[in-house]
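The following blocks contain the structures, represented as structure tokens.
In the two complexes below, chain A is the common chain; its partner is chain B in one and chain C in the other.
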Partner chain A sequence: MTRFFINRILSTIPVLLGVTIFVFLLIQLIPGDPAKSILGGDATAEAVESLREEMGLNESMIVQYTSWMGQLLQGDLGYSHTLHTPITEELLPRFLNSMILTVASLLICVVLGVVLGLISALRKGSILDKASMGVALIGASMPVFWIALMLMWLFSLEMGLFPVSGMYNMRSPGGWMDLLHHLILPAFATATVSLAVIARLTRSTIIDTLQKDYVKYFQSFGLSKSKINIVHVLRNSLPPIINISGMQVGYLMGGALFSEVVFNWPGIGQALYVAVTSNDYPTIQAGILLIAITFVIVNLIVDLLNVWLSPKLQDSIKSNAG
Partner chain B sequence: MIQAVRKKEAFLNVTNLMTKIHTPEGSMTVLDHINLSIDKGDIMAIVGESGSGKSMTIHSILQMITKNLLDSYAGEIEVEGKSILDIGEKEMQQIRGKKISLVAQNAMTSLDPSYRVGKQIIEIILDKTNLSKREAIEKALYLLEEMGIDEAKRVFQSYPHQLSGGLRQRVVIAMSLACDPDLIIADEPTSALDPSVQLQVLELFKKINRDLGTAILIITHDFGVVARIAESVAVMYAGQIVEQGKTSEVIYNPQHPYTNSLLNCIPDLDWIFLDGVGKKPLFQIKGEPPNLMNLSSGCRFANRCHMAKDICRSKLPELKKVHSPDLNHLVRCLLTERRESYAK
Partner chain C sequence: MKNTLHYFILLLLVTTLAACTNMPSAATNGKTYGNELIIGMESEADVLDPHRAGGWVTMRINYQMFEPLIGEDLSKSSEEAAVPELIPVLAESWEVSEDGKVYTFHLREGVKFHDGTPFNAEAVDFNIKRLTNENFEYFDKIGSSRTFRTWKFFDKSEVVDEYTLNIHLNSPFSEFPRMLAQINSLQIVSPESIITGGNDSVGENPVGTGPFKFSDRNRGENITLVKNEDYWGEKAKLDTVIFRPMSDPASRVLALQNDEVDIIAVPPPDAIENLEEKGFDILSGTPPHVWYLTFNFDNEYMQDQRVRQAINYAIDREGIANQLLKGTVSPAYTIQSPGSVNFDSSRKWYEYDPEKAKELLAKADLEDGFNIILQTSVDGSGQLMPVDIAEWIQRDLKKVGIDVTLDTQEWITYFSGYSDGMDSSIGMNQMSAGRTSPFFLSMVAHSDFVAPGGFNSGKYASAGTDELLDRASTAKSEAEALEMWKKAEEKIMTDAAFAPIVHDTAPYVVNKRVKGFVVPSEEWYTLAPVWIDQ
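== the complex of A and B ==
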């Protein structure tokens, strides 16, 4: 089993390597000269040429890639000629801010989605079920930026409950409570669509599991319904719920970019937007890479969780190894 | 040595049970005037083809028909003299598992794949009794050993998918005994098993009955199973009991044409190995059971009965005693009634 876990973790290395090559090539394919866009249209040919030399753009692609990889392995994401700062310094704190937003919205959509789905499934056909599934359908059909604007208008402008933008209040000492206060609206805006998706999937999975012979069998022993629902129904519905939640992380990271723009959240989305518009290739590369790595790690976690949750899967792994 | 005769003590009494369920076309009577009586220590069988109401009978007894499906119950179901049809869900939970428990129909799918077998047995014991966890583990191991499982400890620690079909069936039977019920109801307990294992499981039921005094109600479509294990049998057709009595009486002296046909449907080895000469085609009951939504006023079996007369199609026979050494041999057939009256 340990060997499987180690193998699975090692197997992410070629994937990550592939991601770096892909990202590198993608940037090479984008038309336009980065040196020219940094210096502006009025720059002389000599100035552009010397900056190209400085940035290493005249080297062959293989040399450029290996030197970039060499930096990466040392934890150095490169240097942004547009911002005149090392990218690690600029991007990493922003990436962490984005992760705060993503993780918060993931928590919201998983917890609320599962609870809503569970209640709907257990009260299948009731008004509660129809209402929450109706709301879920509407929620899943709304674009993130629009939800963000609506939430901002309703809760910040009309009711004044939450701050309009930013991560901390500039005039206060900050701290956890302040962060949380700023986090709630963007996190909800980001989470809505995924929440609806998870709620609907949870509902249908739970309804399926409720029909399983073993659930009915345990009911025939007169065990209390709530106990069976938690111990057997929810437990056996977890794998698909975890799978879909893992897939939602990608959507959440994408949706977070919109929320960041609307709520002025200092995350990686804003930075990438600026980088793309100014042809800041090293920053774009680094940003895509960070997001890709996160995605690979999330998938790894989902896979390992699924194995951990399924005795049958563990056995088939053992017999394959033996 | 003379063994004391076990005094029969009534346990389950079903009187004129009528169960109606909702269907898209309206309310449907799936059980019609079912009368059953099981004493402590009895082994009884209910036989019938699919859709005859066998499973509905046990689901009615345990009151496990889902609310959305159930229209109404009528009649009476008594456990130890106490009516259970109008008691609440809480009290009913005290009867399920503790007084009457079910042996799952399909052992392959009736155990939770996510938990070890032992844990599932303990879960029931802990929930329904006051035993400590340690005692519950001991009891579960004891039950598994009683089921003739050699490596009880290993089975206890296994997940369901790691066990063979026969072992799983034994586990399910052990589970049904977890809270020392007075009656276990086994719904087609051998249908999913290899023939060699079927016999072992039936022997196991007999052993449980002998050693623990547990009454057993076995639901099956196989008269072979009935003959091997049951003391009495009820034959069901289209929601009604058509014949009922001691197993030997019903098998050797069947009075209802349907029972007769069912018995004729069993292929024997002669039939299987006889080639060409003298080989009769295997008996089959032609036609299909009637639609319960659209019943004629006559006998429900009339349309498939090779003996049916005109009167069979217009008058519904009642379940009546027949002249037989078994005083409780009942048959629902007008022709039998008529024959009996001539004999007198």
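== the complex of A and C ==
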């Protein structure tokens, strides 16, 4: 087992290395010259050239890549070209803000999704089932920014319950309650689509599991229905649900970027947009890298979680190793 | 099981509701307002270094913290003052020598920077050197490049005594005082702050002399300024100003309606009527802005003056201004931007006349029409709704037989390629720009600034125009300069080097609580006289 875990963790290294190369090459595709965008449209050719030299943009790509990697390995993301501040200082808080939004929406879509799916599956064919699956279908078909605007209109303008922008009240910033107050709408907007996906998958998985022979077997023993449902059915339906939830993290991070724009959530999406518009290469690289690393880590956690939860998988790993 | 489920759902509902009621109430519910002003900006600001800053969004913030020697009076709206009057700011007075080459500034005494260090001639000299003297220890390449227009005729600066400074030019430059009043010019930064933190530190720690001083900045969230209690002039009425970047127009409107911001910039044209009905003030002015087409002089069709004139006649500017953009802009009949001394709104070149356009095309043997490419960005600072406007132009030109293909690019690609000029297959591109200085005409039409490398993207070059522009720039008297600018404008418009389309009126939507906010004939504004009516 330990060997499996170590192998699985080590296997992320080539992936991350590949990501750095890919990110580095991707940057070269962005149109425009960073030196020129720093100096402005009227800069003289000599000024642009001397700034390029200073910024190391005239070095060969291999030299640029290795020096960037060298910095990275020392935990240094470098300095922003346009802001002249350490990227870590700029990007990490923004990244954490995005994570707050992503994690909140993940919680919403997993908890509500599984609960809705479970209820629908156990009450298959009932009005409750039809209603929640209908809502799920509509939810899955709505673009995030549209949901966001609708939520803002209904809950903020019409009902006056929630604020529509930012993380804190600018007039009198509060603590974490203020944050939570600002978080609810964007988190729901981000979560809607994934919530629908998870609810539908949970429903069909549980319906499948309910058909299994061992469930009937347990029923014939006269085990209580709730015990079978919670202990056996849900437990055995977990792997696909965990898998899809893990995959939704990527989708949620993407959706969070839309919510960030509409709700003015100061996350990494906006930071990256500004970096791209000003050709700030080091910041773009660092931002994409952070997101990619998060992705890899989430996938790793999902894999390990599945193995840890499933005796079947553990057995097959043992026999392979043996 | 059924019961457990029901309990669970009930619990969920109750906790959600409880959470909602425990939350701090939304700003709308009986909130008292402090003495702060929150402004929803259309995008994130760049560097808070007045010499380095690039966009108007940033300049509107820097303007509150930094001051020039000579400024513009922005306390008057466009209606009160079509051209912002030049006023003494950090210089109490100034005079220019007989030959127009030496400017003497008598500086204001007793002014202190926000860090407590004194303002004097040495401080001004330090700032000038930062922007002009490559051998100076604190020379700033970026600031120098961004402010180069001010220094076009600069020779040297000279500290006469603690509060007197001379600037020597190598040629008379009639627009020099107006150039000093622009942003991206000689705003005075505390030398001490640069010596302590280095050139790169100004953006994070801006120290000026203005009515507001920097408090804090969280990127993506806020830039907060506070009142400068030690200001030399009339002190600001607000205690705090918060600038918030809000790039999505629809959510800017919602935030304004939900009382989370007090002023928003660039409202979507469709929302304005509704906001006015809901009791918000819509304020607009005539800032120096013109949205225009630049004809490509490398293109075979565009080399014909009659074709350029025909296109000018064929475009229904009133329709674009009133139907498409719902009156948030006014039709433009000259390339000169409003807000400058030679701008005359009653002088209209090329009013809508499609018949005349057809005649001109017939004279050029093009009555059967031709195909042409129009390049435009899809968004960008000051660009309004570029694709919609371009499509309108496409329809208008179709009516006189010209088939326009649109080539659209996103803003960064577009803008970084703009000063490279156009390929000969391209007929025209578009841009929006402007200055309260008539020197703007030189920027767009002088052969010195021809692409690649200049803002004259169409490569219009005319010896006659150059001469008029040069005589205007180097005129010794204002009257003479004005006459020359007018002649240059006449020449450029007759040559039809451009097709001006619309002038932005820069609407701001303002909560009625906010008093004293004025949109002047400038791309930025002053917040010093603004107060909140409690």
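Here is the rule we go by: the second predicted complex is superposed on the first by the 319 of 322 C-alpha atoms of A that agree within 3 Å, B and C clash if a C-alpha of one lies under 4 Å from a C-alpha of the other, contacts with A are read in each partner's own complex, and residues count from 1 in each chain.
We adopt the following convention: a residue touches a chain if its C-beta (ideal position, glycine included) is under 8 Å from a C-beta of that chain, and two chains touch if they have at least 3 such contacts.
This structure is a prediction, so every number in the text was calculated from the model and none was measured.
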{"item": "Clash-or-fit label for the pair chain B, chain C on chain A", "value": "fit"}
{"item": "Partner chain(s) touched by A:Leu107 [first = chain B, second = chain C, both, neither]", "value": "neither"}
{"item": "Which of chain B and chain C A:Ser50 touches, first, second, both or neither", "value": "second"}
{"item": "Chain B versus chain C as contact partner of A:Asp213, first or second or both or neither", "value": "first"}
{"item": "First (chain B), second (chain C), both or neither touched by A:Ile301", "value": "neither"}
{"item": "Contacts of A:Pro311 with chain B and chain C, given as first, second, both or neither", "value": "first"}
{"item": "First, second, both or neither for A:Leu25, with chain B first and chain C second", "value": "neither"}
{"item": "Most chain A residues touched (candidates chain B, chain C)", "value": "C"}
{"item": "Which superposed partner A:Thr85 touches (first chain B, second chain C, both, neither)", "value": "second"}
{"item": "After superposition on chain A, the shortest CA separation from chain B to chain C (Å)", "value": "12"}
{"item": "Chain A-touching residues of chain B, taken from the complex the two chains share", "value": "62, 64, 68, 92-98, 101-102, 104-106, 109-114, 123-124, 127-128, 159, 161-162, 172, 175, 178-179"}
{"item": "Chain B partner contacts - residues on chain A that touch it in the complex", "value": "125, 212-214, 216-224, 227, 231-232, 235-236, 309-312, 315"}
{"item": "Complex contacts: residues of chain A adjacent to chain C", "value": "31-33, 36-45, 47, 50-51, 82-85, 90, 93-94, 97, 115, 119, 122, 149, 152-153, 156-157, 160-167, 169-172, 174, 177-178, 180-181, 184, 225-226, 229, 261-264, 266-267, 270-271, 273-274, 276-279"}
{"item": "Chain C residues touching chain A - in the complex, by the definition given at the top", "value": "1, 4-5, 8, 12, 19-20, 22-24, 26-29, 31, 33-34, 36, 38, 44, 46-47, 54, 141-142, 144-146, 148-149, 200-201, 203-204, 218-222, 242, 244-248, 250-251, 254-255, 257-258, 260-261, 411-413, 415-419, 449, 453-455"}
